[in-house]
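In what follows, chain A forms one complex with chain B and a second complex with chain C.
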Partner chain A sequence: MTPSTPTLSVKDLRVGSPFNELLHGISFEIAAGERVGLIGESGSGKSLTATSVMGLLPETLMATGTINLNGIDADLLTASERRLNRLRGNTMAMVFQEPMTALNPLMRVGAQVAEIMMVHRTERGRRQARQRAVELLARVKLPNPAEAALAFPHQLSGGQRQRVMLAMALANDPQLLLCDEPTTALDVTVQAEVLKLIGDLVTDRGTALLLITHDIAVVAEVCQRVLVMYQGDIVEDGPVGRVLTAPQHPYTRKLIAASDLSSVDDRGRLHTMSMPVIATPPAAASSPRPSQADAAAAPILLPHRAAHQRLEQGGPPVIFNEVAGAGAIRVRGLSRQYRRRGGGLFAPAPIVHGLREVSFDVAEGQRFGIVGESGSGKSTLMRILCALDQPTSGAVDVLGQSIGGASERQLRDFRSQVQIVFQDPMGSLDPRMKVRDIVAEPLHHVGRAEAQARVEAQLAAVGLDADVMHRHPHQFSGGQRQRISIARALITRPRVLVADEAVSALDVSVRAQVLNLLADLVDEYQLTLVFVSHDLGVIRHLCDTVAVISDGRIVECGPTASVYDRPLHPYTRQLVSATPSMDELARRVIA
Partner chain B sequence: MVLVVLRRLGVFATTVIVASVVTFLMLSILPGDAARIALGVQATEADVAAQATAMGLDRPAIVRYLDWFGHVLIGEFGTSTVSRQAIGPEITDALGITVILVLTSVVLALLFAIPFGILTAVRQRKPDGAILSGISQIGVAVPGFLAGMLLVTVFAVTLRWLPAGGWVDPGNDFGGFLEHLILPAIALGSVQGAVLSRYVRSSVLEVMREDFIRTARAKGLGAGRALFRHGLRNAAVPVMTVLGLQIATLLVGAVVIERVFSIPGLGSLLLDKVALRDLPAVQGIVLVLVVFVLLLNFLVDLAFTLIDPRLRSVS
Partner chain C sequence: MTASEPQAGSATKPRPAPRRTPPERAGGGATLWAGLALIGLVVLAAVVSAFWTPFDPEGVFPDSILLSPGAEHLFGTDSFGRDVFSSILRGAQISLLVGTVAVGLAAVLGVPFGIVAGMNPGRLDQFMMRGNDISLAFPALLLAIIFGAIFGAGTVTAMVALGIGTAPAFALIARSGTMQIMSREYVQAARASGKSGLFIGMRHVLPNISGMLIVQASVSFGIAVLAEAALSYLGLGTPPPTPSWGRMLQDAQGYLFIEPLLIVWPGIAIAIAVLGFNLLGDGLRDRFDPKMQVKR
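Moving on to the complex of A and B:
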């Protein structure tokens, strides 16, 4: 192998079923030790590219073209299964997206790492392989590697499991490492650590890297070169710094613009990509506005500006964003504890603190963001605000309704006043109901004809044509489904809208559209918005005030810009640095 | 781990006690007085009263229950009101026969279902896989007694290779025991094997789609090796649930096959005793059956705990 031979060379790769071509003849090379990002939206063909290289395409798909590893190996697409088995895990290795399911739940992780060395006989015996596995777990910076090796996957966190996957992939010192969305399922701070680890490990060993992601920030963090994929073609190929700052292809330009949550147009809306599939509402002209009478009755509110405060270690509890008079939401000393299932035979079940002594207000018309990582308590807080869960102690008033101990009958009115949009647009719509029935479901005591008219108007308001009413949820894309969820939430004319990770499952271009739609509707309907997310960028764009929640406590709260630019709490600082803006990224890459 | 086992054992013991109370109450509440049933409709009131005293029926229910259950715990099931002999030995003999029959049929069913199920799953898209899958589908549809009668017609009546029915104690004549065991065990096991192979197939198909199988392939394991090293243990979990339920049904369901082959098993004994209105015996047999089903559940739970580490930690 001469130094000029690329580690991976893909030529005119076409993948598809007999009826449908999914990859349209893509070609690229990766030099030895080069770190290349492959970016694109879901369905663009990123994962197919990687599975083709690994020879793990589903049986139903056929591939043509040539894939060469190291220049010396014959075409991988026509190689025998035996030959591929010898290459997989040895010369080339892969890390997958889902750390929860990618490991065998019934096998200790050390044994799973050792297995890859046993399969390829790179260690002499079981004992040596086990020993090496512990060393490898130490290399990926797992605390107590010897103990971790004896753990089963369910005993490790998502980030730890992804470290195990990485240890496994790197065990035989492969020349090529493929990573498919390795950090997408992880919390932002964990994501930053794992990315840094991947970058360091491949740089140390001179491993060539193909990193698949939908997130430009991830590529900027780790890669030297980036390939942009769009509908089965590679549309752009260049150094990360150049592509970030001077994208050539129109798609890349739009992708970067849509990813940039800090850059908005003159209406304060995000740049979106023209997507012919979805009709954009013509300035919401046909949408039902709150009637003049309602507008006149609404008191004219002085804009409330939150104080920027933080929780001191061991300090007294703080009432964040305190509003004089009656705000939309008033939470005082809210705690929620759970009894974990089980416990000893005689010992009581252990208590888990979901929320501890949380106090804050949300003013009417405020856009209040709650940001935190998994397990922080943000979902518990959201559920209590929507009266889907009860506080253990403390007082929660939403629109004057006390949540603690309220019966479902007392909450009837409340339910139509406070509506929710959930994260998963796939799971939160009943697959057997038609869109018309889904959107109309929250309406009570409304005649058929009126319901029909209101559904139609509401769908128009979220940018969907009236003829979607007779279709079922599976016939829509993720973004369209989220529009349906928003239509369902708004049809009762709520005063408070709670969104739980409402855009986290969407592609960046669709995310921008849905965020713009939310911003429009919040203005138009004069909603109080509570937006719960792990993504500081999204919150920064959409919310005027943000509360940072960690370990069941609000640790910092204030005007979004102020929290973002001058974080007071160390945890917030960590969070902010893990989610850099586009400008910041470009600066880091060029530097 | 020990704690988990102890807890499951506790649950098992509790359910056994509850089951014994229910069994006792059900048969006490049933219309008809045990003493009168024992003596028949012609008996005088005085005879019935004397019989009731002899059977201890004049004592309060709680005392009767404790007396009965206390004796059951040391293996005494009381005296038959019909034969006037201890019921215990009769039940143990019949139970032994049924357990041998059921276990043999389950082993046969597993020997068939595991390879067959895996094969039909792996060859799912191939013509042979589809044909084999169709065969097992037919097997599911055949009732056990029909399979039994067919087997008797072919192997006992026409070919005269094996006896058509009856039972030989393995202690007396082991060869004869096997000869008498084989046809009923196949009749009982074939249907179970067909059902089980469907579950093995769907379980293996499911596991083959799992991410960790893809991980194993990416490590360089071949498709077969990935399935054997990582798939089968995972596939075993749902199959075991079905297996436990099947054995439980077989204990009682074996009665049909026992009748076809004239085997003196527990199901046959239960039917006889019901026909004779021998209440103490019926009570004893029902309790034994219930306890066996509970014991099976306990063992299946325990096996789950052994296979799946996620069930081992208490929290």
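Moving on to the complex of A and C:
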């Protein structure tokens, strides 16, 4: 093979159902050893591109065009299933988003890695294959590879499982590695490690990489070249550094602007992408929101400014963000333990510490962010603040209502004062109810006509037309569903709004819109906001104070800018460096 | 879940693509329609026989004993000289009546029981479900025989016994569905806005588990029809002279070698009814279940 032949060449690929075309004739090439990122929002056709290359398109879709892999005489689109089976996992390999579902839960991971080599007969005997599997697991930097090979998938962490997937994908030294959102399901600190590993492995072996993601930061971390997809077309193709700093296509420009949570326009709002789907919320037309710095200085809105503190290793418990007088939320020595099901069949259920000795205050009108990775206890904390869960020990007061041991009757007023917005815009709306009933649900003892009027007004406030009332949730996009969730939470005019990863499941462009909306509404209704997220960028934009939670403890808390610029705790430092801002990214790519 | 677009659904989301593509609509369709057709046949027989049958199925006609099938008597006559075709038509009434009442009673008893258990995890759930397990271990048919012995055999006894005997299965399904729904965020949101358990059960849980319950009802209906036939065969079901497929089988047994066709007709009728409800259940399962599955 000549060095000039590209490893993968896709020409005029069109994919569509009988009703509409989803990919409109895309063409691109990947040279040997080149690392290419494919970026786009959900529905742009990026995953469809990858499944076409692997020959895994669903039977209901038709594809035309040609896909050629270097050294393979056949067109992958028309090749027989048998031929493709020999190529898949051998000449080209794929890593999926969710490693738990991509691994066989009943097979030891070493055996699964070995199987790949047995199937393609790249290793003769079972013994050799197993031995090679251990070597591969060492290559993907799993600690104790020999022991890890004997583990079952559920005994490994998400990051470790994704490393196993990588070992499987690279077992037969493929020419081409496809990764579909390989780190989306992972925590930020783990994500950085796995990305670095992918980058190193493909560079070492000269494997061509096609990395599919919605996250510009991921592309900047690993890739040399980036393809931007928009509605089934590739709209931009260029070196990462150039696309990041000087995007040509208007869509790319907007995508990058919307991804950048540190840059705001002159009204302190995030740059959004013009999506003519929804009416402009009237809140946007009101007076411009003061920028973060002004808000922190404004004496009426925020009389309280948090002290920047950290938890010392083995030191005494700290009361973070202590508010003199009555704050909105007051938490002292909060612990929550669970009995986890499982362990052995007859072993006693192990106790899990969800939260340990957490103490903090939130002042009225404060925007309090809680950052943590999965399993850190942030969701438990949020559930307790909303009285959906009870503390094991410690005192929790929200708006003067003690939550520990309170009966539902005592909580009646509290329920209308504290509302919640969830992460998953699909799961948080009852699919069998109409929008009108969903939004009106928190209202108690309100007449039909009044409820109708209030729902209408609330929908308008979140930027939805009144005619959506008679529709069911599945007829809306993710961003619109999240607006409906927000409308439901605000219809009782609560004083405290708790948001659990409220924008994490949304596309970048929609995320910016929803964040702007939330910020506007928090101002307009003078809410105390508690925003729980794993995404530091989002918290930095929205919140004035941030608490970093790790392993059931708050390890650091302080004014957002101060925590981000001068992190005190090593864990915070790790988090901050794992999520660079756009400027930082551009600097890294160019350097 | 309503996000039940096919695999490529994520790619079609932003466009107003048609929600149902033809291949999807075809899923389970044939089974569903076959089941509905068979059940339609049984229902038609029951309705028609309420107003008209070719001959009176409830009498004794010494002139026409054990005639072979012919132009006048389509399926022949039995040992009392009754027209078998008429008896089959009229027998559909009892089968449907017993099935409807038994399944209705089972649902009314079992579904609220299961929902309450599923909504109150912990001691109450454990207590209720262990009780449910005990009644589940008790065959409905055996219960009907015991009831028959205590309260006297009859259609009502059979219906009540079958209903009580089938209820634990409904409770089990309602509970597992409820537990799935209770973990959804919309239920959390409802709780966070202070909605009562009754409201959550009625507005959120019941509509979202209705799919599985309908499937269960259809399958149970088939079982109830079969059980009614068995009870009547044992003489514990519908008393004479009201025609019942099960008792027709018993009557025909004595003439097995004289007129073997007599045993075939009610057998076919029972098979059609049971098969119809089972096919309907399978078809409905294909239609409903993908949406009931928990999202990955």
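Assume the second predicted complex is superposed on the first by the 560 of 591 C-alpha atoms of A that agree within 3 Å, B and C clash if a C-alpha of one lies under 4 Å from a C-alpha of the other, contacts with A are read in each partner's own complex, and residues count from 1 in each chain.
We take it that a residue touches a chain if its C-beta (ideal position, glycine included) is under 8 Å from a C-beta of that chain, and two chains touch if they have at least 3 such contacts.
None of the values given here were measured: they were computed from a predicted structure.
Look at A:430: by the touch rule set out above, it reaches chain C but stays clear of chain B. In the overlay built on the shared chain, the residue A:101 is in contact with chain B and with chain C.
Of the two partner chains, chain B is the only one touched by A:120; chain C is not.
Comparing chain C and chain B on the residues of chain A they touch gives the larger count to C.
Of the two partner chains, chain B is the only one touched by A:54; chain C is not.
Overlap of the chain B and chain C contact sets on chain A: residues 98, 101. Note for the complex: chain C touches chain A at residues 1-3, 6-8, 10-15, 17-18, 21, 23, 184-186, 188-196, 203-204, 207-208, 295-296. The part of chain A that touches chain B in the complex is made up of residues 54, 56, 59, 81-82, 85-90, 93-94, 96, 98, 101-107, 115-116, 119-120, 152, 154-155, 165, 168, 340-345, 350.
For chain A in complex with chain C, the residues that touch the partner chain are 17-20, 22, 42-45, 47-48, 57-58, 60-61, 98, 101, 231, 383, 386-388, 408, 411-412, 414-416, 418-420, 422-424, 426-433, 437-438, 441-442, 444, 472-474, 477, 485, 488-489, 492.
Partner chain A is touched in their complex by these residues of chain B: 3, 6-7, 10, 125, 210-212, 214-223, 229-230, 233-234, 307-310, 313-315.
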